[in-house]
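In the two assemblies presented below, chain A is common to both, partnered first by chain B and then by chain C.
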Partner chain A sequence: MNDFTLVRANLFRRKLRAMLMIVAIFIAFLIFGVLASFERAFSSGETTAAANRLVVNNKINFTQPLPLAYLGRVRGVEGVRLASHFSWFGGYYQEPRNFLIAFAVEPDSYLDIYRDDLRVTAEERARFLADQGSLLVGDVVAAKYGWKIGDRIPLSSNIWTNSSTGGRRWDFTIAGILRPGKPQSDTNLVVFHYDYLNETRGVARDSIGVVVLETVDAAVNETVAARIDSLFANSFAETETVTEAAFNKQFAAQFGNIALIVGLVVGAAFVTILMIVGNTMVMAIRERTREVAVLKTLGFPSPRIFRLVLGESLLLAFLGGIPGLLAAAAALAALRPLLAGFAPGLALAPPVALTGVGLMLLLGLATGALPALNALRLNIVTGLGRD
Partner chain B sequence: MTAPDLIRLSGVAKRFTKAGQGITIFDHLDMGIGRGDFVAIMGPSGSGKTTLLNLLGGIDQPTGGEIWFDGARIDRLPEGRLADWRANNVGFIFQFYNLMPTLTALRNVELPLLLTPLGRAERRQRAEIALRIVGLSDRLGHYPREMSGGQQQRVAIARAIVSDPKMLLCDEPTGDLDRGTADEILRMLQLLNREMGKTIVMVTHDPEAARYAGRILHLDKGRFVENELAGARVS
Partner chain C sequence: MPRLLAQIAAVTAINVKSMPQRAWLSASTVVAVALVVAVLLSFLAMANGFEQTLRGTGSPEVAVLLRGGAGVEINSSISRDQVRLVEEAPGIARGADGRPLVSAELYVTVDGRKRAGGSKANVTLRGMGPEGAAIRPGFRIVGGRMAQPGSAELMVGQSLVREFAGFDLGSRVRIANADWTVVGVFDMGGSVFESELWADIATVQSLFRRTNVFQSIRVRLDAPDRLPALRAYLDADPRLKLDAKSEVAYFADQASSTITLIRFLGWPLAIAMAVGALAGALNTMYSAVAARAQEIATLRCLGFGGIPSFVGTLIESLLLALLGGLLGAAVTWAAFDGVTASTLGSGFTQVVFAFRLSPVLVFQGVVLALVVGLLGGLFPAWRAAHVPIVRAYGNG
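And then the complex of A and B:
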C-alpha cells in the first residue's frame, strides 16, 4: 500500500459515481480531440500561405465568378510581379464521395506562382503545358488512388456539365505529380488547363474563380490590394483583394466556422463537467470529513492530505481524459480516408494531444482545489465530531 | 523516589466561546500520569472527558497552562510537528472505531506506517503482527463492513499499536459493544498495559470497564476526584 492506493480506493468507493464522472470526462475529451483536430486540419492552409501572395475575389463572395479579362488588368497594376487564376471544379473521381480538390488553372503562370509549394520536374511541366487535356496530380492524391503518369483519369464535376458529351465527365491524362516544396506544403489537389474547361462547359464562358498574384514585396500588399480593388470599383464585378492566408481561412469557413464551433462545444462541455465533477468532489470529500480527521489524528500532515485529495481529482481527470483522447485518435483514423478531400492530414496531432493533457491537468486541479483546501484546513476535533 | 511522569498537566485551561458566550470546561487542571499506568477517566456527560483526551493526544490545544509529555512540552508545538509527535507517540482508539471503510483490515492497520520510513514488505509484516496480537490473523482481507463491532475495535487497537507508541488514548472504547465483547476488548487493553508496558488513558462512563484500570479519575465541574480502587481491580 502507498498513497496512490489510498487515492484509488477513495475515488472508487462509490463505483457508479466514479464511473459516471469518468464517462462524462471521457466524452468531453473525445469531443475536444476530434473537433480540435478538425479545426487544425482546416486551418492548416493558413500556415502554408506565402506572405506576398494575394487573392482577388468577387466582393460579393469568393464563390462568385470574376471575368477572365481581370487577369490582364491585374497584371498591369503596379507592384504585381506575377498573376494567375484558378477556378473551383467541384471534382470527384467516379463517385461523389471520392471528393477531390480540383482547380482549373492557367498552367504556366499557376506553376510559376506556386513554384515554392508545388514542385514538378521540367519534363512533367513541359508535358503538362503541351497537352490541354492533361492533369497534374498531388502526390498524396496519386498515392491514394494509385495513379501514375500516363494514366487516363476521368473526373466528374458537381458544378459543370460537359457540353461536348452532355455528361458531367471530363477525361484527363496524368502529365506529372505535384510534390511539396516545403514540409508544410499542401499537395492534396489536382490541377488542369482552364481552357479545357472553358471551351467545353458551354456556360459561364470566360469567367474565373479568383485571381492569385504575387506582389514584389509583402510590405506593399495593402497598397496593391487597394489599387486592384479601386480599379474594379463600380464595375459589375467588384473585387476584394486579401492575403492568401485570409483567403484560406475564408475557404475553410465554407465548411462552417469550425474554430467557433470547437470553442463553443468544448467550452460548454468543459464548464458543465467542471461544475458537475467539482461539485461531486466537494460532496465526496465532505462525506469523508471524519476520515480526513482520522488521518490527521494518526499523524498525516495536512499538506499530504491536500495532495491525496488533489491526486484523486487528477486521477479522475486522467482516467477519463486519456481514454477520451485515444478514442478521438481512433475516430480520426477511421474518418481520415473518408474526409481526405476536406481535411487533409486529419489526425490527433501532438499539439492537440498536449493541449488535451494540459486541460486534464487543469480540470483535475480546478475540481480538486476546493475540497483539497477544505481537507487541508479541517480542524481535527470538529472533523471527528461528537462520539 | 519515583520516575518522572510520562504526562504532566499543569494549570491547564480550556475555554470555548459558543454563541457569543464563554464556556469554561477546565479552569486550572493539574494531573500526572506515570509510565505504564492504566488510568480510567469517568465523569458525567459533558464534563470534558473527550476534550481532555484530545488535549493529551495533541489534537486540541489548551487555552492556558502547559502539557508535558516525556519531558517535552507539546501544547505549543506547531501543527506539523504535532502531527509528527502524534504519529510517534500516541495510539488513538475511538468509540466508533473510525476505520477507513475503503481499506481492508490489513491496510487499515498499515496506514500509520505510511508515515514511517519502513519499506513495503516491512510495513505489511508489522501490520500482520499487530493483527495477530489482537487475534485477527484470519481477517486480513476483510473490510470493516464485513466485521462485527468487536472485530472492528480490535482492528482499531492493532492500528493504534502498530507503530509502537508509548501511550494509548481510548475514548469510550466499549461504548458501542455488548458486555462480553467489551470485556474481551478491555482484557486486551489490560494485556497491552501489562505485557507491553503501554500507558493507557481510557475515558468511560461504565464502572465495570473502569475496574480494568489501575487508577480511576472522576472528572466533574472541571476538577478531578481521585478514586484509587485498591483491591477492586480486575485481575
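And then the complex of A and C:
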C-alpha cells in the first residue's frame, strides 16, 4: 500500500461528503473556465491585433468622418507600408433587427492589410475586385442566412439613402466567403466596394470612417503615428492614430469593465468553495485525530503525515477542477455559434486552462494547509486521548 | 396535533441552540448562500438600474421625429425645410411667445474619459436651441447657468459629471478644434439626458461642418393624445418622410436588449453557483445530523416521532439559508446600490446608470436562498427522521 492509496481511501471514506465537495469545486471551475474564456474572446481584438497595424481616426471621436483624401497623404508618410480605409454602413438584411456588421472598404488594399485574418481564395478575390457591386461575406454571416456565392442579396442601411433609387436598399452579388485566418479572427462581417456607396449615397461624398495602415515595423509605430497626427494638426479633421490593439481595447471597454465583472463573479465562486472545502477538510481531519496519532505511533514521520493530508486536499481539488474545466470546454463549444459575433473564437484557451490548473493547486494547498499543520503538530498522547 | 407541534418546537429549539457547536461549518453555508445571492442581486440590480434610467427618460407630452426607418437619432438626418414644415403641424403646444415648441437637434458623438480607469468612451454632444430645455419637462439647472446661443459653451448632465473626468463646472474642454467652457450642470431626474453634453445648435453645426443639418426634432404636444394628429400630418406630406414616436416609447424600445442580456447572464451564473452552495449546505446538514445522531435517538426513545426530527432539521437548514440570503442582499445593497456605471446605449454613446436594488429583487434572491436551504435540508432531514436507534448509540 503506497501513500496514494492511503490518500484516496481517506478521501472517499465518506463517499457522500467527498462527492459533495467535488461537485462544489466542479461548479467553481466550470464558472471560471467559461467566464475567463469569454472575457478573453470578448477582448480578443486586443490580443489578436497585428502588432504593426495602426488605425487613424478622427480626433473628436472615431465615429466622426475623415476626408477620403487623407488616405493618399497617409500612404506618403515615411514608415507606412500599406494603407486602406473602411466606413460603417449601418447595414441590415430585410429588417432592422437583422443587423449586419457591414463596411464599405477600398477592396484591394483592405484584403491586403487583413491578409492574415480574413482569407479568400484567389478566384473569389478576383471576382470581388472585378465587380463593384459585389460583396464578401464572413463565413459566420453566410451560415446564419444560408447565403452562397453568386446569390443576389439586398442590404439596407439605416444611415444612408441610395440616391439612384431614393430608397435605403443596395443590391449586391456575393463574390466570395471570408474565412478566419486565425482561430480568434472575427469573420462576423460583410465588406463591399466603397466606391459603390460613395457614388450612390448623394451626401457625405468622399468621406470615410477610419484609415487603417501597416507600418514597416512595430518598432516605428509611435513615430509613424506622431508623423500622421502632426500632418493633420490644425486642420478641420484632426486625427488620432493608435495601434489596432489600443483601438480594439477602447472599443471593448465601451461596453463596461467586463474584466472586473468576471473577476468579481469568479472571486465569489472561489471564496465559496474555499469556505466549504476548507471547513470540511478541517473537520474531516479532526474526526481522524486518533488515526493520525496511531500513524505517528507506528513511526510515520510528521512530514509524511503532513504530505498525506495535503495530498488529500489536492486530490479533491483536481478531482473537481479537471472535470470542471472539461465541462467548461464543452459549454463553450455549445455557446460558440451563439456568441460568434460578440466573442469570436470562443474556446477554452491554453492560458485559461493553465491558470485553472494553477488555481486547483492553490485551492488544494489553501484548504489542506491548516488541517495538515494540525496533524503535523499533533501530540500522540492528546491525539489518542481525544475521541 | 398540538403535541406534534410542541415536539417540533422542542427539536427546532435544540437544533438552533446547538448551531454554535458547528459554528464554522454553519457559517460557511451562510456565506456560500450569501455569495450566491449577492452575485444574482448584483446582476439584477444592474439590469434594474439601467431599465429605470431608460424608462425614466422621456415625457409622454414630447414626440421625437426621426427620418423614416432611422430608429435612433445617430442614424437620422433632417433638413431645415423639414423643420419649418413640422413647425406648422397640428397638435404642437406653443410657448409664452406664441411660437410652436419645436426643438431641432443635432446629435454628435465625441470622446470622454471615464473617471474610473481613464478609458475613452463615446459621449453624446447634443446641439439644440433654447427651445430644447423649454420642451423638456423636469429640466433644472443645478449649478452655473444656461449656455448662451451662438457661444462655445457647454451644459453637462450631472450623471456625466459623476462618471466622466474633465467636465466639472468651469472646466475648459477641447472638442472639434474649439475651446469650450462648461457653464452649467443640469438635473433631469437621472434620465439618459443626464449622460449628455448640451451646446448651442449653430455652434455645433458649424464646428462639425453640418450646417443646416439636424438629426431629430422634438415637439411638445398639446396633450399626449395629439400624437395621431401629428402623424397624420407627416404622412400626408411627401416631403416629410419622418417617423414620430412618443419620447417615452422611444426610450422604452431601447431598453430591452441590454436588460435581457444582463438578466440572461445573471440567472444562469447564480443557479450554477447555487448548485455549488447546495453541495455545501447538504454537507453541513448531514454533518449536523450525524453529530446529533445520539440526541435524535434519545428523543426517539423518549417517544418523539420521526416528523419532529425531520421538520426540525429542515427548519435549521432553511434558517441558515435565510440568513445567507439576507446577508447576501445586505452585502449587495451596501456594496452596489447607487453605484454608478455606464455602458453603450443604442445611440452608440454612453448611458450612465446606477445599480438599483428593489424589494422585488431582494425577494427573488431570498427565494433562491430558500430553495438552496430546502433542497439542502430535505435529504439530511429524511436521514434524521430514520436514524436507527441502535446504530446511533453504537456509533458513540
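Points worth noting:
Please note the rule applied: the second predicted complex is superposed on the first by the 214 of 387 C-alpha atoms of A that agree within 3 Å, B and C clash if a C-alpha of one lies under 4 Å from a C-alpha of the other, contacts with A are read in each partner's own complex, and residues count from 1 in each chain.
Just so it is clear, contacts are C-beta pairs under 8 Å (C-beta built on N, C-alpha and C of every residue); 3 or more make two chains touch, one makes a residue touch a chain.
Note that the structure is a prediction, hence the values are computed from the model and not measured.
By the document's definition of touching, of the two partners only chain B reaches A:290; chain C does not. When both complexes are overlaid on chain A, the residue A:126 reaches neither chain B nor chain C.
In the superposition on chain A, A:362 contacts neither chain B nor chain C.
Contacts of A:219 after superposition on the shared chain: neither chain B nor chain C is touched. Between chain B and chain C, the partner in contact with more residues of chain A is C. Of the two partner chains, chain B is the only one that A:9 touches; chain C does not reach it. Looking at the shared chain after the overlay, A:299 reaches chain B, while chain C stays out of its contact range. Residue ranges of chain C in contact with chain A, taken from their complex: 24-25, 27-29, 31-32, 35-36, 38-39, 42, 69-71, 74-75, 77, 108-111, 116-117, 119-122, 175-177, 208-209, 269, 272-273, 275-277, 279-280, 282-283, 286-287, 341-344, 348, 350. If you check the complex, the residues on chain A that touch chain C are 16-17, 20-21, 23-24, 27-28, 30-31, 35, 60-61, 63-64, 90, 96, 158-159, 168, 203, 234, 236, 238, 250, 253-257, 264-265, 268-269, 271-273, 275-276, 278-280, 282-283. The residues of chain B lying in touch with chain A in their complex are 50, 54, 57, 59-60, 79-80, 83-88, 92, 94-96, 98, 100-103, 107, 110-112, 114-115, 120, 123-124, 159, 171-172, 175. On chain A, the positions that touch chain B within their shared complex are 1-3, 5-6, 9-10, 12-13, 290-291, 294-302, 380-381, 384, 387.
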